[in-house]
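Each in structure tokens, the structures are laid out below.
The following pair of complexes shares a single chain, subunit A, combined with subunit B in the former and subunit C in the latter.
So, the complex of A and B:
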């Protein structure tokens, strides 16, 4: 009897509490992609919960939307259907696409106080190149990355190389690669010198080679490409030669996804891949490895990559102001440090690197600093109007040259002609 | 009285009819309309362009490439998977120990989603440490890069499709085999007919309705199932393994060129209609219904 009474009371109290919680003043939807392994999605959920604890009047619904490709598709579809989310993380290179479709708002309207301005100016300039156009800021750097070279120190030792000296130039990479390439009794290669993965989006790592070669793929306005310029052609020739002439890299299209595994299995002694893999490498490499900047030819260089926050049209002013406040909070040093440690993405603000959390982290894992130091040489990732189509044109050309169907000159001349056709409408 | 029945009949099929109009005929008509308009971009509304999209299609080398790929894909997967299905059905139709297990094993690939199948095969194909390379390596061969080489990427994708499809078609053949009266074979045997003759003159003709049904399904699937391409190659290298529907997806939802995507869809639709009609009219004469 007593028991029943107790239960009844408890239920009544619970009901009372539930109805007592006020309705949220602002509801926000936040689409995000996950492009790296590990607990990236959980970290986003936790950070969002933390924010809502401090801001009880705001309710944020973080929606995991799949890969970058899935996310941008969902964002555009939802926006066209009149159900745009307020916040989305999408590739920085999708800026022109979102702009041309008139789906995003500049952040400048919500940057009013001096503190706000200081926040906006506190990002690395290399990351802002893909986020600003016509004097307005359309994207806020969040999960940004840049490619680096990982090398297997044990393999270097076995090959008679200094395990603490990575290749600094293109020629050194080939020379070291030759020493690192091992064949078995049947003449089959058991360990390749270097691996530059080329499946899906070969243009990204290729852009690293182009910058190092003193060239560029497109102008800042996203209206011109330079695919058939001599710097670009000779960069592709170098990439093709790695497999065909120097024989230090496996021929054919090399998969992105299996690249870390390939490195762990000692099938490639040096690999080029994103800093987004840093935590994965750190946790799973069965040997001592080093992280280095990409080797230089005429100069150092690397593209930036990864995702920005975007602010989408179609919501009330109160919602958008709350959305910007959330973005400011999550890119602040304390939160940004949590995110970088969980994923390996490069913290996009110098202030984050000065937090004690990041300094302790870097002490135990100094490899994370390489990507930061490389930023001074980094350039914006290839981004143009109708970006996906133009990059696909370049990807097709690169794949054709890598698989030996066309010469680099032939492939890139044709690609430039096709890109000109697409971009003519925007000049 | 007659009129009342007529209304009653229409009312009965109305729910199904409205669904098919809403989700099949209306989108098909919209696609046709969209294909003669331009893609709306950046505040500019779509405007009538006549047959400009079709003209562009004729001059689009990627379109021809994926169309030819798709024809090879259909030619490579349909006969092989049907023959394999028939063979497997004949195998597991006779009684033997572990028959249920064999039937289940043949049918398992069908139950798996195509995305899961593609992930399994991605592991088989991985250069260096994938299953195929490990087996080849055991016999002293070097490593392969089947998905990363233009000449082998499409065949590698075809193998996955055959592996997935054959078990499904087997089920239809198995059901059909069991509905053939045993007396027919017995009578033939008394007349002195051998096994091959019985198959060729009795079993196979009686299976023709099933073969027609299965082959129509196979043709549709050859144009309809592209999930594994997303996982295995993304259409690469250089569109070597891209199929028509995959190209439609890329055009519409990556490049957001919806008008051109609609144009490609119209081509796919007409192609499928043509094939289905052709199959029904040409094939039907040879089909022996009971």
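So, the complex of A and C:
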């Protein structure tokens, strides 16, 4: 009995040794958040498996790390605890936070050959704005998005509008919104013209309005904000007026998460929300819908959003080189196409859109191209040093103005003063 | 109490109970109906279990349930042992520095656990316990609240019982086990419930300190449904919520009388 056990153990150990020698020269940890439905985590795991099949000397452990917020907490905790992962996907706007804490490395050290350089230059410039500072690249765009306008073609027809023409300008959106707003016999609104959700992170969609209005919220260095500039104030005035003066949007704070539902149930004929919703809309909308760029005022415009790859400090050079190789692989056209189709995120490189997989996809679902075409007008999402605090200041101001506690001018002047205090240390 | 008063009390209690149970009712409604009926309450709506199937398949819940079960039983068991010993020491022994040590224990009640995440992580890493169930449990087992609560209960035990046991020849540990622990049963039950429900629902620390399916609790599985970028599917998320909270709810309903009684006696409300 004992003899048998011993032999078995010995055999197992020998087998273990034999299989252990060639494999896993490099171990990598990869933290990723999930912010869309439809099995995004499974897609990441499948892609990682595929990579390991081709690269038996690398073992990557993809680790689900919760929401974006949870992920950045986990990354910072693990890094400070001396156990940093090599790769993490986190919000592109977390770049300054990670930089100030000294937790990330630039990709430039690993971009040496011409092919590498071509890869780095192959991303849409709008996405690189949030990824580069001081001439160095700190983030590689991966799960990126941008807001677009979805409209209900049936509702447009019922209101006597051309179902194939979305509003192109702010004034048109208000004019169409008025036609689309329906009230019942008791004077209750059954269908609103438009919905720009404002819960949680209202600054994001608001930034779209600011860019369209020819303004900007912050400088590229993340040290100055312009919350009280005339363009920003009048953009907020427009947003507030949609509910109070024009009465085409439901008053109060509008929930972000229920926006698609609200659209499906015809309570809003037009909604502004992220391209991350495309697949959900496509599968669940009970009517024909269109996707348009955000309407313009002085110009077209939209913020970008979503997550970048970061390279964390605290690992060996071999690990980091392998990590960069993996990031290069997963952002290459073939893999990027798989990811975009599974999640609805905007493919961050023109090359991906040229693959036959993406072209077939776009043929059956042409709405996906709108986000891509809007990228030429897109600007970096608001990102500054002490980003969480500064965006919170702006969010609070927006909510105060939307709920009518303060006028836009008042709210934004106060917000600018607070942001100045926070950012003074970085100027 | 006049009859009118009683009606008022019962009416008020009923109203509060209704307010409390409404979200739960909504969760049950959406979980058992197709997503088209999320905000559309027609009695004839078809009943389906599909949401539960979807939720169950979205993450390895079977393993997560096992982990959570091991975790909460482990933490609560370890807390009982450690806190009883510490409480016994503080309640019945005189030693230099007792006052200071006890106020240090009380101080723990004032510190939010979230502030300590990085320090706790460093310690857990030094123990090489990152990504283990012990790693999740360790920061919680020496609970200041538990020590305080059990000490207060032990203080109310009459000295005479202690003395009687001593005359019978019982040592300190035997007195703790045969006199104090049995008399503090309601406190243990009440504290156990608080601890189990806290750790059943704890999310951030387990998420940070674990990396693999084998160690993660159900709350981590639940979080994959928080899909802010693509809109929330209420029917699936509510099915998942019911599924993950069901064991606690059922246990509470089964032992409701004991729990309520022990809360009254232990003075936690």
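Here are some notes:
Heads up, the rule we're going with is that the second predicted complex is superposed on the first by the 404 of 427 C-alpha atoms of A that agree within 3 Å, B and C clash if a C-alpha of one lies under 4 Å from a C-alpha of the other, contacts with A are read in each partner's own complex, and residues count from 1 in each chain.
Convention: a contact is a pair of C-beta atoms (placed from the backbone, for glycine too) under 8 Å apart; a residue touches a chain by one contact, two chains touch by 3 or more.
What you see is a predicted model, and the numbers here were worked out from it, not measured in a lab.
Of the two partner chains placed by the overlay, neither subunit B nor subunit C lies in contact with A:107.
Looking at the shared chain after the overlay, A:200 reaches both subunit B and subunit C.
By the touch criterion stated above, A:186 is placed in contact with subunit B alone, subunit C being left untouched. When both complexes are overlaid on chain A, the residue A:344 reaches subunit C alone and has no touch with subunit B.
When the two complexes are overlaid on their common chain A, residue A:73 makes contact with subunit B and with subunit C alike. In the superposition on chain A, A:400 contacts subunit B only, with no contact to subunit C. Contacts of A:65 after superposition on the shared chain: subunit C is touched, whereas subunit B is not. Of the two partner chains placed around the shared chain by superposition, subunit C is the only one that A:256 touches, whereas subunit B remains out of contact.
In the overlay built on the shared chain, the residue A:386 is in contact with subunit B alone; subunit C does not reach it. Shared contact residues on subunit A (touching subunit B in one structure, subunit C in the other): 73, 76, 200, 258, 261, 265. Note for the complex: subunit A touches subunit B at residues 69, 73, 76, 97, 99-102, 186-189, 198-200, 250-255, 258, 261-262, 265, 267, 386, 388-389, 392, 395-397, 399-400, 402-403, 405.
Touching subunit C in their complex are the following residues of subunit A: 29, 34-39, 41, 61, 63-67, 70, 73-74, 76-78, 80-83, 145, 200, 256-261, 265, 273-274, 276-277, 279-280, 284, 306, 344. By the touch criterion stated above, subunit B contacts subunit A in their complex at residues 41-43, 126-129, 137, 140-143, 145, 147-150, 233-234, 236-239, 250, 253-257. Across the interface of their complex, subunit A is touched by residues 35, 38-40, 58, 117-118, 121-122, 124-125, 130, 203-204, 207-208, 211-212, 220, 223-234 of subunit C.
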